[in-house]
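By written order: A, B, C and D. Residues from 1 in each chain.
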């Protein structure tokens, strides 16, 4: 096994792995990887979001310069796996016997053609983050919100200058659509690869998005822009539909709002319906161009140690908001602890409960084409040019035509 | 100093669509220390010839030698030739001092003091020593002209080349510079080739004049030769101002019958034997009022020039110019008959335009013009 | 109609008004950026952005400096841009001079081919260039960023355009004075082309200064990063360090402002005056 | 102060000999150097040497890739491996490529509607932005060039500074200015009673926002180049026009424009090319805009190459872009240059 390897990731995913590699606090209870493995050194390179995308892609396509281990978002995994740029780790996973330890739905994110091309890392169990003061002032009771209709009805109570939810700009709508689509158990492609984004679930999601806009309880601000943060800091938007990892961002970027947040599950589409979905999440993978067996096994050993040790995964949750897909970690008492940022609410247990109910989702390598088509058609829907059925039908046809696949 | 010889010099310019012969098979010898002037209408190839001697254009064919040394293919910088451009071409970013000293600083082994000395010396020669620190844009046209001259003189070259250096100056300054240039040339005794389109300038300055037309050398000779013995009608027409009167006359035995009743019987008809018609040339200064003259004409305009008059008349469809004493003032539109002496008559072959008879006699006016050329 | 003095003042007033309008429209966003660099991020996230700059500039800068050694980054960017500009100016002015003042075979096709590559977007060149640079093992060196665009199509185009205004008589008189062709270039052509060389320096410096995607791929250590790459590091998936970005950007403007001030005196009026009688 | 030091230095003995010896040395060298037949080639060879290595090769490579579909990285085979003395160049086979002939071009020209939309967007922005920016830059340059404006250096620097701002920061500023009803501009509009403009959400307004952003950023830069051009116009031409009684407008039309033609042509062609290569502004401010309304061709290339890893297809789009834009710029140069 080689002594040193390099690992690339964006800020949160880099710092978490760096701590796990060399400076884990003592109260975590397990040694850091370098402490555990004498002589091993993990070089972690922290890159900006676009920076990682551009550098990793160039290294992969030109065949030289890729790191030994890299973090990859769910939506990128399959694009690289489909062009066999990632090492097949199926046997190593079987040999490690960890298939049951990880939430079932998450494995699909790293599988292509029946083989595993990465090790699942964090999950995106969804939740509705809400400002407690705004809800209280408007007399909105989060527990009373069971369905999206309740959500719209309660939303009317807010004063005019505040919006219940941010309806993202059209190039960010696909993430919102996909979260709701997965909540209904929708699959973007069928078993044999036919495009299926015009299914009945997809139309219901489009209808909901249209209803949300017509209800007048929404505002549109670009996500991650300074005015988006301002809206939550000053309470001009009351609810933020997101996932477990948003906790880390809120604590880092909006410290003054501590104690004023709460979380409740996604409203269901109809009484008693599913209130769980997934949004985002990443994995670690070894680029195929790393041919030195010593490097590959060292990278695998390091990844396995970090991803399958509950204490490390829980440290990463608490420190960086990275919710583990390692289900064996959920029984730690951390999950029952009340979080003062959320006025004492034990949000981790809520997310753990949601994680168990996430519907499996058939990840695919045409995700970008789907996003583009959905973004264009939802914009047509919101402009009133098309009905939900027509919009989703056209989106499906566009994707089928551009990727020359047939329509489900 | 150098003796320049052009043998069969030819220069052609070929652009995409047309093909121009600028200079055609020129043979010319320029003596050591001579001041030769190229003159001719614009586009006749005089500047091109100068640029071939300078080395700015490479001759298409033929040979150029300086003191029997073949320089045809040498670069301009290797020919020890200085040139004054029509628009002076001073280096705008250099002071007058640096402009003048530039050639020495660039291509000679002289030390900086020697160069500075030579610059001051040349500036004094041209009377511009107090301008040394100024930039070209601060100088008048005349001063810029002198700086350009200084840049040429300082190199003490084998050959001086000047491309219409005076054409941008006003009339008064031009005549002063003309005399100054001549004195300078004699003082430096350097072979000089001067190009101008102004024939009076050529007559006044050149030891010899080379007249060119359409790329071909018409005639080379002293001012007097070209004035008195032009080789063809073009030279006769070009030299002398106002221009010579020219018209066609039929030959009948010994008499020439021209337009509107012009009749003249030759003393020596042998010259026109075997010809049906000839081209007749009479200089304005050779015509005088004579009741028995053979040139009937109708006066159009009389111009009073002070010491003499110019009479513009018509003989049929031929326009005549007559140069007479100031006292002769015929009425406008009156008919006057002019006469001339046969020795002043020019005759040219009607087809080849070559001269058959040239002027042998001498008139007072003509003599006075010759004197002015000599000072 | 207005008489002469009235028209003069009206014109002067009109020009100043127009100039002030343009300058305010340009400066407002810049001013806001500087204000944003001097206030803490929490203040940044309020709809009423303070009008006057705050006092946080140093603290924000310290945060930036220990996050990614920004002083070193400014040094990298400046060094690369200066060396690149000088090298490219030489290449472009020589080539521009030849295209403006000489006739030679294949002149037209050669020139238009270079112009065509001007159109190639960097995004399309990144992979082949990365391959080339890694095979020449220039990765992670200043040269990797300096060499590719040293032969800058924009530069040769500008120099050809400007050198055409150089009177031929000047070159010929230099030839007569015995200057070699090279001496003519650096003793006559360059000195009289100073304003256009200054303009060329602006173009080249700024083009190199704002290069992002390509250096990002070939400069691999943080110690080698240029400013655009360093600032883009601050845009994380879940973290955007706004105030650090603003501080970095404000500091990044300083070298460019210095460049403009330094080049001021080379924009000399009518440098060609007096060379050739019109 | 500097000039006085120089003159003392020059007059001292040693400096004199040194500079003379240097001069003689230079002369010896230049006389030894044989007469160079193809002198112009000497001038352009350093340029074309670097050009062929660093721009020609990638261009040919892009064209080469455009007829393949990229199936993923290759192992360690090489396309070309040259061992020449100390210089060793090996270009690894970039990937296992599957020859598809002109399939990419066919789909681009006929069926790829997103490509057509990106072409339309880029063309639309070009048609408004380039004329607007060039006229504004010329107007400002002329005002700054006129005699009675003081503190020219300050104005010049301020106006040209936007080009120095980093992509990330200036997009944050523009988002803050133009963002929905939170943005400053809409706040001002609403406070005056007008209704908010959907700068980033409406397709047409998003394109206008981009035009404003690009003009804000690049107008000063072009103004500097035009100003340099104005400096080389000989003063006598204006004086001559003055004597003929030319009005301000006539001086502009009959002196400034004809004299400025080469530099003006340069600014027009380089901003045309710059706008057709537009990437930063849409990528950062509108992210391709509502429903691909501000998706530019180069952004589409980036999406194909970097997000969807279709390197072959991306190269084909590049080739199309190069063909279209060089046709436009050659027409501009010909028409501009010819009228000289």
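To be clear about the criterion, a residue touches a chain if its C-beta (ideal position, glycine included) is under 8 Å from a C-beta of that chain, and two chains touch if they have at least 3 such contacts.
Molecules present, by chain and UniProt name: B = ABC-type D-xylose/L-arabinose transporter; C = Lactose/L-arabinose transport system permease protein.
For clarity, every value in this text was computed on a predicted model and none was experimentally measured.
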Touching both chain B and chain D: give me those chains, sorted by label. C
Can you figure out the chain closest to the middle, judged by Cα centres? D
Specify the chain most distant from chain C by Cα centroid. B
So what's the Cα centroid distance for chain A and chain D, whole Å? 39
Averaging over Cα atoms per chain, report the distance between chain B and chain C in Å. 56
Quick check: how many Å separate the C-alpha centres of chain C and chain D? 11
Cα centre of chain A to Cα centre of chain B, whole Å, reads 94
Find every residue in chain C that makes contact with two or more other chains and list them. 47, 126-127, 131, 180, 183, 232, 234-235, 242, 270-273
Give the residues of chain A touching no fewer than two other chains, as numbers and ranges. 54, 61-62, 64, 226-227, 230, 236
What positions in chain B touch 2 or more of the other chains? 75, 107
Which of line, ring, star, complete and other names the graph you get from chains that touch? other
Contact pairs between chains, per stated definition: A-C, A-D, B-C, B-D, C-D
Parts of chain D lying in touch with chain B, wherever the complex brings them together: 16, 19-20, 23-24, 27, 35
Provide the residue numbers of chain D that touch chain C in the complex, in ascending order. 30, 33, 36, 38-41, 43-44, 46-51, 53-59, 61-62, 65, 89-92, 94, 136, 139-140, 143-144, 146, 148-149, 153, 155-170, 172-174, 176-177, 182, 216, 219-221, 224-225, 227-229, 231-237, 240, 248, 259, 262-263, 265-266, 269-270, 273, 276-277, 279-280, 298, 301-302, 305-306, 311, 314-315, 318, 321-322, 325-326, 329-330, 333
Listed in rising order, the residues of chain B that touch chain D in the complex are 75, 105, 107, 109, 111-113
Contacts from chain A onto chain C in the complex sit at residues 10-13, 46-51, 54-55, 58, 61-62, 64-65, 73, 224, 226-227, 229-230, 233-234, 236, 245-246, 248-249, 252-256, 321
For chain D, which residues are in contact with chain A within the complex? 70-74, 92-95, 111-114, 172, 175-176, 179-183, 200-201, 286-292, 303, 305-309, 311
